[in-house]
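Presented sequentially are two complexes of chain A, the first with chain B as partner and the second with chain C.
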Partner chain A sequence: MTIGTNPALVSDATIEVRGVSKWFGNKVAVSDVTCSFGPGITGLLGPNGAGKTTLLRMMMGLTSPSQGSVSMFGENPRRAPSVFKDVAFVPEDDAVYPFLTARQFVRYAASLTSSEITESAVTAALDQVEMLDAADRPISDYSKGMRQRTKVAAALVHNPRVLVLDEPLNGTDPVRRASLIDLFKKLAAAGHTIVISSHVLQEVERLATRVIAMVDGKLAAAGDIHAIRAAMSDIPYQVRIDTDVPRQVAAALLSLDTVSGIDMLESGLRVETTDLSSVGNVLPRIASDLDARITRFEPVDESLESVFRYLVKANR
Partner chain B sequence: MTTGQIYDLGYAPHEGERLGRSGAMRAITKDGIKRALGIGRKARSKLMPMGLILAAMAPAIVLVGIAFVFKSEFDLEAGDLLGSPATYFDLIATLALLFIALAAPAVMIPDRRDNVLAVYSSRPVSAADYLIARGGSLAILMLAFLVLPQLVLLVGLAALDPSGLFSAMVSDSGEVLRVFAASIGYVGAFGVPAFLVASFAKRTGMAAGMTIIGLPLLDGIAEALSQSNLPGSSLAPLLGVATLGGAVRDWVFGRSNATFSQAGLPLWTAAAALVVVAVIVAAVVLRRYRREL
Partner chain C sequence: MIAFRAIFAASLRQLFTKKRIIGFGLIALLPAVLVALVPSTDFPADTFLDITTETLLKLIVPIIAIVLASGVLGDERSDKTLSFLTLRPISRFTIAGGKIAATASAASAFAAFGAISLGAAYALRGGVGGPTLALIVSGVLSATLYTAFVTPLGYLTRRATILALSYLILVDNVVIAAIPAMASSSPWRVGLAGGAGLLPPNFRTAAALDAIGTLEIGLAGAVVQVAGTVGVLTVILGLLLSRRDNV
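Let's turn to the complex of A and B:
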């Protein structure tokens, strides 16, 4: 749930970032970012070098902000390590001991947090990431995707309330990727706070409805992906319309003031409009007048990719 | 018609109590001990640590065996065989240096090399907690390495004592405490520098080599300085960190130490120097790890 009109903030925040900046010498990695994270999945989005990993590292207490503050469960994570009883972090780097097996590594990760980790919980964590078959082989024999899933299992084993993942799907094959996405969605539905950083837009699009987008260290956009697109009023929407009489439909649509251009496609049209609803409202009448059959009416650019491209352009 | 059923495998997510820093520190300490000894790893990893432990134990086992065989004929006691437990340190000090030079990198370096510090950072431990736990595992290992053979010897000989095991152990209890205190001196002299090197070196072999070569080299420099006429040369023995372990042992057992006698330094200064070294190393290593943890 967002606070007031600022979609970067949530009311039930477990992690709060307030006016945070981080610079390394002359380079500003993160600049005056304010946002918060609560139950559900939030995608932390941005191109490589946008400052996502630096922000995550500050959230996890791995580095202190040059300015501003970060709190987790209301505490400074650098001064109160006890907050990590209920937190897990999956870093982008390998971060596994190659000489251990996945089972040994997950068991050890569990022992760092709890005295009562049962073999059943270790097995469950490995099973959740589909690593049971290879669990007793040394990690040095694993592919990148398997190491990635081992890290996720180690993070899940103590059932943390907050899970922060930096590029967690790197190297995983499409099938395992889909199952990890399902797993994260289930955890989010169960009330866990999940923050997933990624530069792969399709990944975040499948995972999260709420995004925090960073460009050049700054907060470029925040909130629901569709709402962000709606806020981009200065660039036209693109709508795909499939019909059996594309030329006639195109001619009728061009009479609308809100339509700024039309591309003819093999089986339909791509319409650029500044007001999506005006096209949607008028289309049934055009179809009726022309006796046209409309088989598809779909906004085609409301993807994160297009939002993201826009944000990068707008911020440079 | 086909039928199907999904079986409940009984997996349950963790719902147990979450421990704080002490629980995590215990786990890190235990892991450090296991890693240094190669427990849970291939036989090759166990070869050196276990071989060195056996080599350190061997004199004690042999001496107890000799006492057992010849006791009735010669009425042997511990002192007859060894002079003093302090002598046993002379036998195993080099082995202890090798042991800790190999153990410290095995405990410290994989955490950085394999980027696993991030795992610790997302657990309820601070950089200081992590270092105390890792340093603690090395201290426990080295104490065990130095004390256990002496205990085997003392208990073995006490068991053969005509006054009985209990009575002999009571009379030897002062020796046990002195063995323990002298061992702490060796932990400071060998373990602390090995911990420092392993906290910065990138490769385990390089770290072990630096400790094994560096400490005797430093002793040699300290010795040369103490022989010179340079101002302050009387304090030079305090720079030879490795020899400070022997000086602490001599202080604890009331023996004289030629190097310190020549320099006119009381032996307690060796213990004080080791405390200073330990504090400096702790500060330097903490500063180094605070950047990553």
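Let's turn to the complex of A and C:
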């Protein structure tokens, strides 16, 4: 698999990770990762145990790298807590105080961050995550999704330029999930750097414009999801073609050097090809020659899930 | 200062759970119950001070302070809330100071409650002189010292309670009892020496005061030692929070 030149790096980086490794005894959790994050949403993707949380914790300065370095706005977050005026972290854990209400929790976060945050900012943060109705009930009474949204409100109260979220949609119901996704997209559109770690591929696919994929502690791929797929030149594309004469179309396509296999389906065929455009270019001519009606031509493995499956397979 | 106050207030709420208020309140009340139950018609000052030292100062105040202090940061670690504090644009010394101040205040409140109830029981038994203020001062100084020592320990290890109780039983109450020159390493003795200067004259000759070993009786010296120790341990805790992984 070949990935383009430095897709893991961005030019307007707010967070930079350089040659970072982390090991716990004999276990290597993160191995020589170099990447950066800038405005927009970047999905940090990987199966459980891939090293995403360890990488995030190193980025936030919660854990020191065994090797390499991390900087936020050019500063080491472990040595310069002032960076957290502009940075917020939503951990995966239930890091809330059950004896506080959501309003008290967000107010507490505000008072630890800036003396200029007003009560109206606290209310606005709760409103953004749709927690105003329950804001004055103790967190101990909340569902998992409500606790998640409370953590997000506490992270947003000081309007940080960088927001790092570890599995932020865990436990949220579909409606709230959609509104949180909208919220993150709005923040990204306003120029915030948002890093979202998730093992739920559909979430990242809906959210992120850029992906950093980790497998077994290593950086497996980075960049735009379509570009990553295109760079995996040794793995054939799968294309779904629906037609009224599938057998004839299949026979015509098999004459192409770039087609390595065809599966017949109920209403069409699935073609394996190393060159997507060659199939796309030749298909109108085949349709014309055979007087066939082509109702669908669609790559079926460009989804994040397919790409990710390839990445995991390639890196193990 | 806003951050310090916020940490202080939230930590107090964390420490003063209903169970603790009831449990530690009842424990702090035990010496007063003991004084009330002692079968004696006249209540001598030295007997009272013996009971006070053996129960409130030697056991109850240290145990309450140790339990509270080992949990104030230890619980944040195990509950994964520590990152909520450390990922803020505030000095680690502010976090350390807020946590130690809140724990010392909570432990001191229980110590003061125990001292006040003891003083009241003594008065009800017709005891001569008013030792309550001295007992409060002793309890508060002692509670503050224990919390200052145990809070960093609670951050470092989950076994802080066991380690601190071991120190209390073996070193504080056995080794130092045998080597009076080490009395300044015993928080409750430092507290007793500080409060003893405020005791009425009829308490000054009580045998219980021998426990302070080579320490000088006097509030100023004890306050200086407590303040200095708290300052040093706050700095140490702040450095630990900066340098150690908050995992």
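Here, the second predicted complex is superposed on the first by the 312 of 316 C-alpha atoms of A that agree within 3 Å, B and C clash if a C-alpha of one lies under 4 Å from a C-alpha of the other, contacts with A are read in each partner's own complex, and residues count from 1 in each chain.
Definition applied: a residue touches a chain if its C-beta (ideal position, glycine included) is under 8 Å from a C-beta of that chain, and two chains touch if they have at least 3 such contacts.
Computed from a predicted model, the values in this text were never measured in an experiment.
Peer 1: For the three-chain model obtained by superposing on chain A, do chain B and chain C clash or fit?
Peer 2: clash
Peer 1: First (chain B), second (chain C), both or neither: which does A:157 touch?
Peer 2: A:157 sits against chain B, while chain C stays out of touch.
Peer 1: Please work out whether A:109 is in contact with chain B alone, chain C alone, both, or neither, and reply first, second, both or neither.
Peer 2: Both partners, chain B and chain C.
Peer 1: Determine, for the superposed model, which of the two partners chain B and chain C contacts more residues of chain A.
Peer 2: B
Peer 1: Now for A:84: first (chain B), second (chain C), both, or neither, which partner does it touch?
Peer 2: Touch partners of A:84: chain B and chain C.
Peer 1: Let me test your reading of the model: by the given contact rule, A:60 touches which partner, first (chain B), second (chain C), both or neither?
Peer 2: Both partners, chain B and chain C.
Peer 1: Between chain B (first) and chain C (second), which, if any, makes contact with A:127: first, second, both or neither?
Peer 2: The answer is first: A:127 touches chain B but not chain C.
Peer 1: For A:184, decide between first (touching chain B), second (touching chain C), both and neither.
Peer 2: Touch status of A:184: no partner.
Peer 1: With the two structures laid over each other on chain A, which partner does A:95 touch: chain B (first), chain C (second), both, or neither?
Peer 2: It touches chain B and chain C both.
Peer 1: Can you check which stretch of chain B gets into chain C in the overlay, out of 81-89, 153-161 or 171-179?
Peer 2: 81-89
Peer 1: Across the two complexes, find the residues of chain A that touch chain B and also touch chain C.
Peer 2: 60-63, 81-85, 87-89, 91, 93-97, 99-100, 108-109, 111-115, 154
Peer 1: Would you tell me which residues of chain A are touching chain B in their complex?
Peer 2: Those residues of chain A that touch chain B are 60-63, 81-89, 91, 93-100, 104, 108-118, 120-121, 123-125, 127, 154-159, 164.
Peer 1: Can you name the residues of chain B that touch chain A in the complex?
Peer 2: It is residues 9-21, 23-24, 27-28, 30-31, 40-41, 45, 110, 114-116, 118-126, 129, 291-293 of chain B that touch chain A.
Peer 1: Along chain C, where are the residues that touch chain A in the complex?
Peer 2: For chain C paired with chain A, touching residues are 2-3, 5-7, 10, 13-14, 17, 79-81, 83-92, 242, 245-247.
Peer 1: Under the touch definition given earlier, write down the residues of chain A that touch chain C in their complex.
Peer 2: 57, 60-64, 78-79, 81-85, 87-89, 91, 93-97, 99-100, 108-109, 111-115, 154
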